[in-house]
């Protein structure tokens, strides 16, 4: 019965082994084979798409062109066109393609290496002809109730933005819609505003992740308060690790956005900087919430431990009371069960009821004693 | 009986589920739908008032005018009048109204977005024609014995102050009284002093919140020391979360006030800066107290755990003493309860009293042993 | 018996309720009613003296004059006299007096407000015509074995020092003696040196407080190591709170002294600055010691918990050994106490001694087993 | 049976003593005998190679020469040659050799002292004619599943790089291959790029170490969740110490790389600085991962403790249920085993079955009670 | 037996009371009586030598003179001699002597006060004619296996160095030897190099202390892993306090050395600064090691607690298994020991063996059940 009730409360995994698999790897293989020359392109992740897809959007205030192209050659003219161009590449395993793009757009070899090495820390690298930004793209998976993480590389050039993702599907559909339908001011603004809009979309999704985790935290809090079980602690441990992952992603992001605001005012117009400051505030708010959740979860671990201790204490009390009442009584019964020849009490007429009465007195005395101690 | 006594001590919730509901949401949905254009106005909170109410106060040293107006149109002339104007808006769900105000007063779209998005972190944004400040307005609810939180947006323009609140009822009645009755110097001072007076009123109420929490902390401390129960730990957990909320509100506020002191001396006259420094000191003192309370509460968790451990130890001792004394005696009684044909002791005349005496010796020996161990 | 021994060790409170009362309030009502105009004088503490007492000392290298005056009027001439004057006011409840002093000496209203609001954080405020310093005056009460706290306001003007205290009795008797007897260089130095001497006297008393707490800490350490009881943990909790209080007082004081050294070299001659640096070093040393004591106390909590766990383990072992030896034996006795008609063993001649021998073997086997496990 | 299963899970040491030995020394004897003159060369480590081996590589874009030389004399001409030279010395016990090298290349005595004192903290020392860098060279030993640590001294002169290692075998084989086969740009670049390439190779191996530790962490996590035993905690302790060691090595390394980037731009061309920044990012990523692993391991300790507590609780429940059911029943059986002459129940015909039924009722009542409590 | 084995492992104190005494005072009386005039000389420590001993060394590259003098008068001429002089004073209780030295060499009164007040924090004070440095002189006492602490005052004047110690015996014998035998460059260098050499000797001895503590830590680690007892926790507590003491001494020392490097380049030639940087690196390494040891010790406390918990769990299992098997069996034996007249089973021929068989089945069932649970 109690099982069924809890099943209602925790739809998620109880099997601890599943718990582990779900948690994902702690240390992702993040860089090339040691000793390889720097700038060597080795894709470090799994191949997550069948075919690398290149899609570009080219626009100014009046024109808009969107297309999926088979090869990078089609994008090269965009490099020097006066319009704003956004080229998005889904899939990183085709290192040759990345190298060719790099050559066409004259990017630094280290930048190319970073694009294909997934598992990077968020970072910002200023090269002569482009600004390179790595961001973790987090999305809340409502089915597995976990965070999906993907690496996003964003390259901001003079007149173009490149984005590289690990797989299809991203957080940019809203931005694309605004570009297509000319909603907001995005079409009338430059390439820096496009970069801002993309970063903003990434950070906005962090709030969705936090919302999902917040719900799980509240579920677990209820579980800890109402009926803590061993699996509760396992889930708390999983939650802690989830929060660690997000924290690891967002801490450096905040610094990254700070230095965008501080140093690179040339690339970003003053007008766009106001918006960047807004994204920065959002990142700080995400961090704040993550820290609060960590504090709450660590409080829940204390709560869990105290509850288990308290329950052990309760169990002990029941045992002690039962044993303390009946063990002495059993002893007295044992005494008069002895077979000595000369036991005068055995032959007295009132001995038996007297003994029973005596036992009752002892039992009641014990009960009063335990009541006084507050154990009953 | 012990129940009744504790009921006297803890009028607050013991039902852990109620405890959770009372704690409130950990992660408030704080921003617009991801991907929406920045500057899109979406009210993110619940609708907390029926009708948005606009009330303005317009004054200089000699004149004072106060009115509740149906629409913002009535306030527009205040914008350029030489008098100081304070317009207060209760209710944020009418985003159209906010947009119209923003257009009339030429505010930045991001500022408008922030006004209607509740759940913001305290922040300070300097725009060309206005200073935008978000503050958490905390009040102690003496009925629920919890903190009520509301978001306050304060916009400081050239000659006006705007305040936006989530619902009616605020912490500014004292300021209004001083304006009406000309108490203090407030009427003779500029718009910067008004802004200071409002911030000061907000921060002053934090002390009331801390006082309320301080009383609860002391109650719980008494409970932990005198008769810790499982609900004690639940309440401690709730207290921790309450403190986390306040801390999350006040930390950024302190930085906000520091940067007001550092950077924006143009908006605030040197004379008013002295007063701002005073508010800053109050914010620091609030933080100080919150940190101290957190330390005390975390010490109480230790105390609780140690008390439960200690009690388990006490319970174990009782059990061990009872069992250690009577189990051997019962065994001896059992031996002479056996039905062997040839048990010479059974037929000896002094066997029974001798055995009883032997048992007494064993029991006394045990008692002495436990006394020596300090268990009795 | 064990009680008497411990009574010798812990003369202090064991009654946990007394413990709480002794701890004092966590959150002191520190500021005026929210919304009151700044500069409104409201005494926030208890009235600690019957009558406010004003005492001044006026001196230069050759002259010395000391008097208790009924009213501030007598002190006004000191303001512009070339001699050094020190006016001390005991008792803060007479806000009218404070206001009159403020008017005579032309002090800022916020300064007056701070003087009468007790429960302030140590702070330093530079006004045009005076430097305002709030300091916590801690003294070790050897009777209650606790820290007495009092708020000291020190105002350093051009030619005068004002000190405001909550009650009579202070830490300045040594300074007065040196002024009277012309010991040291104090009479030949300026007003800045007097201010230093007073601050120095305050900080010097912190060491006495630390000494008192150090003695209690060592007592408790002995108690934790030798015979931890539940009251030990209560006292540890009280000690933690005491340390929190001191820390809260001294942390900002250190920063205050740093900024005195950094910024205000005009008020303090270079010669006096060397002495101020010395006080600063003392404050740092106090903080250092407080942090060390906190670390030690937190280690003692660990020690306490581990000791209780260890003892529970010891108790369990005794129970387990007793039960494991006698429960099986009792069972065998029970078997041969059964009344079956056909139990051949009962009629064998050697059955009884054989069984006894068997029981002995089992018991010895158990003992050996437990010895091997290291439980005996 | 359970033993065999766990053997499958934990191939590593269970013997706690082996655990300790494997952990290695906490405090390595790191400096010369106290009081010795600075610059005195005393090799502080064990002698790890039979014979010190000197191997040099000399190259420019077109030429490449590699040789193992018996004595340093052969290397002296390299000092002023226009080619880039890399001299590697394996083995530090031959302090005379080091002194001679130092004299030939005019190094500061303290630098020589540091080269032969193993157990140094990573540090960077700028001397007039050379830059001296100490780095910990960590490698993952796949056999012992532990980190091997070795001290690397790297001296960057005008036209040469010297490396000193404790023993043969290093992380530089990849660099040597690139030099030999002219892969990458390394042969066309200067001595600063060679220094970078060597540091890069060292840092790249840290990721291998982290990968190895990550695998062990995940194994232990599985163990803690599925079947925590006492050895699990021992292994967790060992893991913590391993992480401490790495952290101690990498923290100062990060600062070292920062100051290389900040200060020493003269030694490193701007072109190479981009690469150095990349190494710096890697070091930061290593630190990040170490901190995450530390958090995870500390969460695992909590998990372990909670699991043990939970299990104790489970064991207690079984005991309490068994005892609570049977102890009262045994008492009743004992009562009717008494030998009183006048026990009327004994002679009633239905007494025995009635008693049995009563016992059954009590037992069932107990079971229902425990079910209600959720203990069954 | 187990006692003897452990005696072998822990030669150190088990008596907790001895433990306390050995730990030493937490709060040393460090300053003069509160309120005393600054510059009043009061020796605050115990008198550790019978007679204050003054010994000077006077040298340049060619001459060397060493003598023990009865009075300071003999040293005064050294003040202005062109040679380097080092005067060492053992014993601080003779405050008159210190005052006379101070007068002869024109030292600031606060400096004299600091010299005789032991228990100072390491600090650096720049006076017009001398640099005053307080250092803790730590030495490892191999007999008590504890750290001996002594306060060293070092005064660096134009042409002289003064050192003041609490008692005879110091860490400078190596420096004296080098001065006498002209080993190293010390004789050819100035007074700044002498000061460096002395500081270096002090810091070098910290490594010896760490080595001693490292050995104890490893011993305790072995004890915790192999056979934790209550005294283990006491020793861990003592170790923590020892580490606290060292940390308290070395933290400010590191800052002191940093500011020597930063600010006071005039007193220290650039040549000597290289050496000072080396001492600074050593201090950082000491701190690093102390922090690592603290982390390890705190991990050992966790390990200890988990082991005790685990053992309690083991003990509980044994009890539960014994009780669960035998208590039901005893009950059945009790049933057939009842004396009811009408108990048909008693008269059946196979009842007894059938019951015995049934009991066996129950016992085996229990054993299988516990095996399945993994408790056996």
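By letter and in written order, the chains are A, B, C, D and E; residue numbering begins at 1 in each of them.
The working rule: a contact is a pair of C-beta atoms (placed from the backbone, for glycine too) under 8 Å apart; a residue touches a chain by one contact, two chains touch by 3 or more.
This structure is a prediction, so every number in the text was calculated from the model and none was measured.
**Q** Identify the chains in contact with subunit C as well as subunit D, in label order.
**A** Intersection of subunit C and subunit D contact lists gives E.
**Q** Chains in contact with subunit B and with subunit D: which ones?
**A** A
**Q** What angle of turn lays subunit D on top of subunit E when you fit their CA atoms, given in steps of 5 degrees?
**A** Between subunit D and subunit E, the superposition angle is 70 degrees.
**Q** Take the average of all CA coordinates in subunit C, do the same for subunit E, and state the distance between these two points in whole angstrom.
**A** Result: the chain centres lie 26 Å from each other.
**Q** With chain centres defined as C-alpha means, what is the inter-centre distance between subunit A and subunit C in Å?
**A** Spacing between the chain centres: roughly 42 Å.
**Q** Note the residues in subunit B that touch 2 or more other chains, in rising order.
**A** In subunit B, residues 305, 309, 312, 316, 319, 323, 327, 330, 334, 337-339, 343 touch at least two other chains, as defined above.
**Q** By the touch definition, the chains form a closed loop. What is the full order round it when you set off from subunit D toward subunit E?
**A** So, from subunit D then subunit E onward, the ring reads D, E, C, B, A.
**Q** Please name which positions on subunit E make contact with subunit D in the complex.
**A** Within the complex, subunit E touches subunit D at residues 171-175, 177-178, 183-186, 197, 200-201, 204-205, 207-208, 210-211, 213-214, 217-218, 221-222, 225-226, 274-275, 277-278, 281-282, 284-285, 288-289, 292-293, 295-296, 299-300, 302-303, 305-307, 309-310, 312-313, 316-317, 319-320, 323-324, 327-328, 330-331, 334-335, 337-343, 374-375.
**Q** Can you list the subunit D residues touching subunit E in their complex?
**A** Those residues of subunit D that touch subunit E are 2, 16-17, 19-20, 23, 25-27, 29-40, 108, 110, 120-121, 123, 125, 127, 227, 230, 233-234, 237, 240-241, 244, 248, 252, 301, 304-305, 308-309, 311-312, 315-316, 318-319, 322-323, 326-327, 329-330, 333-334, 336-339, 343, 345-347, 349, 351-352, 355-356.
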